[in-house]
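Shared between the two complexes below is chain A, which pairs with chain B and chain C, respectively.
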Partner chain A sequence: MYKLKQYITALLIMIFLTGLQKTMAQVKVHVMSRKINKSINWKPGMTFWLTGERAEIFCATHQKNTIDFEIEIISKNEDRKTAEADLDKMKLVDQVSGKKVSLRNYVELNRGESKPESDLKVIYHVKVPENCKVFISNYFGKTRVIALKSSLTINSKFSPVKLQNIAGNITINSNFGDISIDSIYGTVTLQTTRSDISIRNFSGLLDIHSDYATILLSKINNLTKAAIHADKSNINLNTGDYNRYSYFISTTDSKIIKPDKMHPDIFKEEKTKTQLHFNAKTNKPQITIELNMGIITIEN
Partner chain B sequence: MKIISAVIMFLIIALSNPVSSQTTESSDTLVKYLTPMEYAFMMHEPTSWMVKTGVLSGTNRWGSFFTVAYEKRIAPSFTLNLAADFGTTRYKYGKSVQLSIESRWYYRLNKRIREKKTTRNMSDNYLAIGISSIFYFSNDEKESNIYSLYTKWGLQRRFLKHWYIDFGIKTGLGVTSFNNPTPYFVFSTFTNVGVAFTKDKFKLNKEKLCPVLRCYAADDYIFKTNLNGVLFFSSYYNRRTLSVEPNLSFEKKIGKSPFSINTELKAFYHLFEFPDGDQNITQYTTLGANILLEGRWYYNLRRRILKGKSGNGLSANYITIGGTYKFIHEVGDIGLNYFVPSVYLATGWQRLFSKHLYIDVKLGIGYQFETKYTDASIIWPLQIGVGYRF
Partner chain C sequence: MENNNDILKNAIQNLPEYIPEENVWISIDNALSKKETLTTLPNYTPPESVWNNIEKSLSKSGQPKPVLTIRLKQIMAVAALLLIGLIVFNNLKSKNSSISHSEEWTEVQTTGEWNDNNELKNVLNLICDNNPSVCITPEYKQAKARIEQLEQSKQIILKQMNKYEPNTDLEIMLTKIELEQTGLIKQIMQKTL
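Coming up: the complex of A and B.
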């Protein structure tokens, strides 16, 4: 019993010391920030181009005829002076040239200056008129767009993209950034590499070209047409009712998992290639899939 | 004539070997690793033909020339370059055109392709052999129409898709005319800068070019020295030209604005020897210095920053207003000393590459004031600056 008490005491001391060490190891981080607000008059036909680096972009619509942006630049460092100096290295530039409104943040180094050591981040809150065409490029950040009703083009690297309540033509090129789309009506073209895709509540035309992806389509009730070309990817179709669509699937070195009730018109398996046609002779909306090395799952 | 025949035979043999070029071109698109600079020099692009147009300084004649050329691959490491150079020679001979045809051997190419360092392109060092003929439009001395057989060692680089630079040395043998053929020796330096067109496979990736374009750099001042035209030497028949023009420029940005002040100090020594009517050799030597002061407005700097092509520095297109003040000392019995002032308005294109390279091309219109020894005149200032900055 005495020994047990000794063990418990020793254990408590160790836990206390570990906690103390952690407490002592905490470092004070200085956070410096700068805010910029600007509003630009918008006229029909004007487009908005935003190029972000290490940026969190939140783009939404409003009822005014202006493009409003609120930008916060944040610099974090243990050393206050370094954080301040690095904050100045992050520059913002905007221009209205004809019908093009451009905005960009970038790191700028004066002669003899070193690269920033601080953790730099830029947060954009942009509001555009509903019918404003938007072009966004973002690297090492996040992009979120809500309730746009015109045209949207996103070039994204190492940045997740989230879209909600969008209508119109949407084009996204993404490398190493997952895409999440919810409630979309329009024509969507996705070109991705190593980016997972999740699409819910989709109506319209869909064209996907993906490498190394998990593609999840769910609640796609009003799909007009979909074409998916994928390599080394898993595709999951949850349409609510698989019988609502016609399917033209061809795969290489891949597996097709379908509902037991689904009886294809054509189901050919030749060595590594598989071909599946379902509802081929109907006028139902088409889903065409070409897959190389992966799994297709069609759910009930 | 035998030599010219031999060259023509060489070109025909090279032209008649297209099969090997086809087989090789299809297999050399893989490149292991390219530095950003090599990427900017388009070494990832296989090139089978190229149309070039630009400005030329050097090659036998001393002056400013406009050149048009077509280069076509005729064998794996060989190309054929057809060129026409139009322009005005300094001093005596006036307007002229030089037509040339040369075969280029890109001597490093095969080895570099084997090592997967480049593709079969025209952005490399070469040795060339060719023939040329110069025709002077406004010249009484028919003898000065020159036919020559020459060899060249050149460094040609494509850069950023639509640009090229080609510089090196040229040496050869010439005759003044076929009626009275008198052989003579030719030696000169040359620099050729301009735009190039070809069919490329790949789109340039802007991000890869950032270290070359220094898209993050905001230089508020630069020192630069133009290496084009620092030294030009040409010797043919009984004519000799020597030009030495060391120079140093300093450009300072005004705050963070797109405006700058550019200054240049250039010293020069020109020696020109030519026969006069009595077949005596006349020597004309001048030396002096030129001070330039100009204000520049980089009108598209903001757009370049927005496109990620530049920082807020001195790398953009510009409009400039400036003036020069030239001191000239004519060496000779009389030994004239005089100053020539001029003013000008010009447009230009300056790009800063990598850490130490720059290109500055400027063209404009100006007015040279009347002095005791020179008349007032309209001038067309043209500068092709390719050099080193620090």
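Coming up: the complex of A and C.
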């Protein structure tokens, strides 16, 4: 039995190591790119919808009443003609329909055309008015939003998301894409699977539902209320002063690591379940955590 | 000689006669008088200096310029218009969309090493072969289902890997998947072996 264990362990190490191996070769690549600039007039109440595929999205605000975008479609291949042909397969559509401004890219194949062989990428640089509601979907790309002050909804798959200096209602659904949020004021709702979450300098309401995540909250000085529901996840709270908040924590098959000087009002451990209440009878802002299989670390 | 000379003469004499109108004679008379007038025009011989000047100007311009036919001029005018149109169109087009080309040297990213999931199957089979009762437990089935689900995600990611650009974010995802798969197998081993 011991030998079998050794053999399996060796196999597992081999699987992991083969994943890290790489063989590299230098080649000359033709880079074909097409740039498109456009500006659309914006009026209060209009919303902006961006649907990207293999897209790097950079969205910021400006002081104009227009939605401006610069888009670059890039095709890379060792063969110039293939790169050119594949560039044409990546389509871009912008549309104004009532109060909805939408922009999207997709691969279109005509009859008899083969799938693109080139590396295709679309880079969006979008500027919207501060109060424009923004909806972004991205698949296999990157999304970065800066200085928005209205409402932001992101649906992301296999794409990391970065937000900075955002105010308002923020909703993110993410599958296989890490989320990094810095300097946020507002109501944030995150629904994630296999996406690590890092939140810094947060003020407002926070609601997280996550599976298979590492959740890191740091410098959260002005939290109004936070609720974290997580499964198979590690949660790290760095509030600056743990005593600033009240805690209602319940876990299953999990471990809670807390500062030594933190003395909970209630600390119950029954078989696999643990319950911890701290500052429960105060009016301090609440942090509620429900965790199944994971670790919660509350720092000083 | 002519056998029917008398018959022929008789026939000619019997041909109908036509007298031309007066204006026909007038126009013939005018034409003849113009010819006469032309013959009476005085002749002028240019002075030697005129011929010299002509000769000089010819030697300056070299060979005589080709004479453009009307058709060639028309073709050139159309071509010029087309050219102007093309320039204007390209200028307008470039404001909204422009295509550029460049070349770069880059490393080819290979994905083959991520693609081998046989080892994982071998490990699962090995566990089952060694202890068949393990394979019917709910824990094993649940873990196996998760391993397969992760494998599906892995294959989706592999299809989207860039060939000519680093895939750092995707490789991090793949590493996490493989770590989770390995962790699940370790769990099965701990509970069953």
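Everything that follows uses one rule, which is that the second predicted complex is superposed on the first by the 275 of 300 C-alpha atoms of A that agree within 3 Å, B and C clash if a C-alpha of one lies under 4 Å from a C-alpha of the other, contacts with A are read in each partner's own complex, and residues count from 1 in each chain.
What we mean here is this: contacts are C-beta pairs under 8 Å (C-beta built on N, C-alpha and C of every residue); 3 or more make two chains touch, one makes a residue touch a chain.
Everything numeric here is computed off the predicted structure, so don't read it as measured data.
*Asks:* Quick one: is A:Lys133 in contact with chain B, with chain C, with both, or with neither? Answer first, second, both or neither.
*Replies:* neither
*Asks:* In the superposed arrangement, does A:Arg54 touch chain B (first), chain C (second), both or neither?
*Replies:* second
*Asks:* Could you look at A:Tyr106 and tell me whether it touches chain B, chain C, both or neither (first, second, both, neither)?
*Replies:* In the superposed model, A:Tyr106 contacts chain B only, not chain C.
*Asks:* Return first, second, both or neither, reflecting whether A:Ser97 touches chain B, chain C, both chains, or no partner chain.
*Replies:* Touch status of A:Ser97: first partner only.
*Asks:* Is A:Lys28 touching the first partner chain B, the second partner chain C, both, or neither of them?
*Replies:* Second partner only, chain C.
*Asks:* Is chain A touched at more residues by chain B or by chain C?
*Replies:* Ranking chain B and chain C by residues of chain A touched puts C first.
*Asks:* Can you check the complex and tell me which residues of chain B touch chain A?
*Replies:* 215-221, 302-303, 305-306, 308, 311-312
*Asks:* So in the complex, the part of chain A that touches chain B is made up of which residues?
*Replies:* 49, 51, 91, 93-95, 97, 102, 104, 106-111
*Asks:* Please name which positions on chain A make contact with chain C in the complex.
*Replies:* Listed in rising order, the residues of chain A that touch chain C are 1, 4-5, 7-8, 11-12, 14-16, 18-38, 54, 76-77, 80, 87, 119, 121, 140, 142, 158-160, 176, 194, 212.
*Asks:* Taking the touch rule as given, give the residues of chain C at its contact with chain A in the complex, in rising order.
*Replies:* On the chain C side, the touching residues are 95-110, 113-114, 116, 119-120, 122-123, 126-127, 130, 153, 156-157, 160, 162-165, 169-170, 173-176, 178-180, 182, 185-186, 189, 193.
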